[in-house]
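In this document, chain identifiers A, B, C and D correspond to the written order of the chains, with residue numbering beginning at 1 in each.
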Amino acid sequence: MTSETFQLRVRVYYEDTDAQGVVYYANYFRFMERARTEWLEVLGVDHVTMMNEENRILVVSEANAKFLRPAVLGDSLIVTASLERLGRASFDIKQNIYRNSIDGELLVAGGVTAACLTADTKKPKRIPRSIFEEDSS
Amino acid sequence: MTSETFQLRVRVYYEDTDAQGVVYYANYFRFMERARTEWLEVLGVDHVTMMNEENRILVVSEANAKFLRPAVLGDSLIVTASLERLGRASFDIKQNIYRNSIDGELLVAGGVTAACLTADTKKPKRIPRSIFEEDSS
Amino acid sequence: MTSETFQLRVRVYYEDTDAQGVVYYANYFRFMERARTEWLEVLGVDHVTMMNEENRILVVSEANAKFLRPAVLGDSLIVTASLERLGRASFDIKQNIYRNSIDGELLVAGGVTAACLTADTKKPKRIPRSIFEEDSS
Amino acid sequence: MTSETFQLRVRVYYEDTDAQGVVYYANYFRFMERARTEWLEVLGVDHVTMMNEENRILVVSEANAKFLRPAVLGDSLIVTASLERLGRASFDIKQNIYRNSIDGELLVAGGVTAACLTADTKKPKRIPRSIFEEDSS
């Protein structure tokens, strides 16, 4: 199981903020999804191929976040993704958001549970083990 | 051709605003789509039925807006939709956004061109004349 | 403490959905905020007055949701809000999302913690007790 | 006046798409704003400094777009920004969106008019000429 934490840089634009002058709370979940997508792609999981060729989709079955400090317009954020639990048809991903760098202020501490489904029937489907195995080559 | 102007009431929530304290410009186009959807439904056009049963979709091929005055958090808006031009496979919809009522301040003056396509091939498809005909009963 | 569950009706438009054909997970948190806003307004809490006149804001400090069944384009949803815990400077709100009615399918079971802050200093501020007290008149 | 076209790469995530399986029309305007922001920053215009230190904001007073071909999930887009007209207190920006590269398919041809306002009074304010002048060094 890979122990590394994936990092994606995300810029805060006007679209992400609200009239309180900070990032709107639901938008952090969008940032988290961007990081998951790029992380899974690095691990060989491509959403488009999965859906069109393997008849499989990943869906978020649970999400949670603690909003510790607000991100503001112009911020450069680091959004992380790392595997926390791997089940048969679902896995938990830990996702934090930091200002500037992973050594900077922790703004959001969150996580999601992703479930693998057959795209048409929406039945749970086994996650290929290969995705999260350490490359031993 | 129906000459009435359809009106939909839309509330401004935090999600719609940005750090300038006003509604984010792209979100007015979302308000406009809500009004179009409800207006078309009144005219007998249901997006879900269209896509699933008639293999037809409506897509926006052009959009424009003048942002005259900003809407702010808590505003109660009226978003209008009315037919401006009916072509063979496309039609123009005029869409304005007012504060409080259609007699209130005009905030946004806009419009879109909607094109009718075959859902799978994405080829232009004729718009049923019946949609926009005056009910003569 | 009020024991009633507030209900807001929300329509699902194209803007709310994603390429999986269902409502995008982060957007349920937007629906939840709409219900909270309307509920708090009924309880006498107006975001705009609070921010401009009382120098107070409510911020979400925690959010969580279980996505049990997907909402789809055209759905008419009921989003609820009810007080679950009232602390000195924060409170927990339970928020569920149902299809059609509160007796319909439960799609999302969620909740948020809202914290009251002084708008400029962002320090925690006591929540007026009166908001959530039963009207004894 | 600078004649170069600024380019920003934008990835299409689930959040950007809708149930038609393509990018939701209003979201292209978000992509356009990202490119404008980065372009203006390269030209020395920082939104945060402008608002906080110079009491000036840029607002979009007009926007338009022709949606020629849809972008889909996973697409890597190029969003451009270039100056088309420079007025006293406003300027027009041409903004196109291409698949993969500026030599790829043109998906969206659009533009916005940006107006410079005094942040508190919302009165039009002169745009510093220096921003768009060719660097002659």
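Here is the rule we go by: a contact is a pair of C-beta atoms (placed from the backbone, for glycine too) under 8 Å apart; a residue touches a chain by one contact, two chains touch by 3 or more.
Keep in mind that this is a model prediction, so the values were computed, not measured.
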Consider the two chain pairs C-D and B-D; indicate the one with the greater count of contacting C-beta pairs. B-D
Which chain has its C-alpha centre farthest away from the C-alpha centre of chain C? D
Between chain D and chain C, distance of the C-alpha-averaged centres to the nearest whole Å: 33
Intercentroid distance (Cα basis), chain C paired with chain B, Å: 27
Can you check how far apart chain B and chain D are, centre to centre, with Cα atoms defining each centre and the answer in Å? 24
Touching at least 2 other chains, the residues of chain C are 14-15, 19-20, 26, 30, 33, 72-73
Can you check the complex and tell me which residues of chain A touch chain C? 19-20, 25-27, 29-30, 33, 51, 57, 59-67, 70
What does chain D use to touch chain C in their complex? 14-15, 17-22, 24, 26, 72-73
Please output the residues of chain B touching chain C within their complex, sorted ascending. 11, 13-15, 30, 33-34, 37-38, 46-48, 72-74
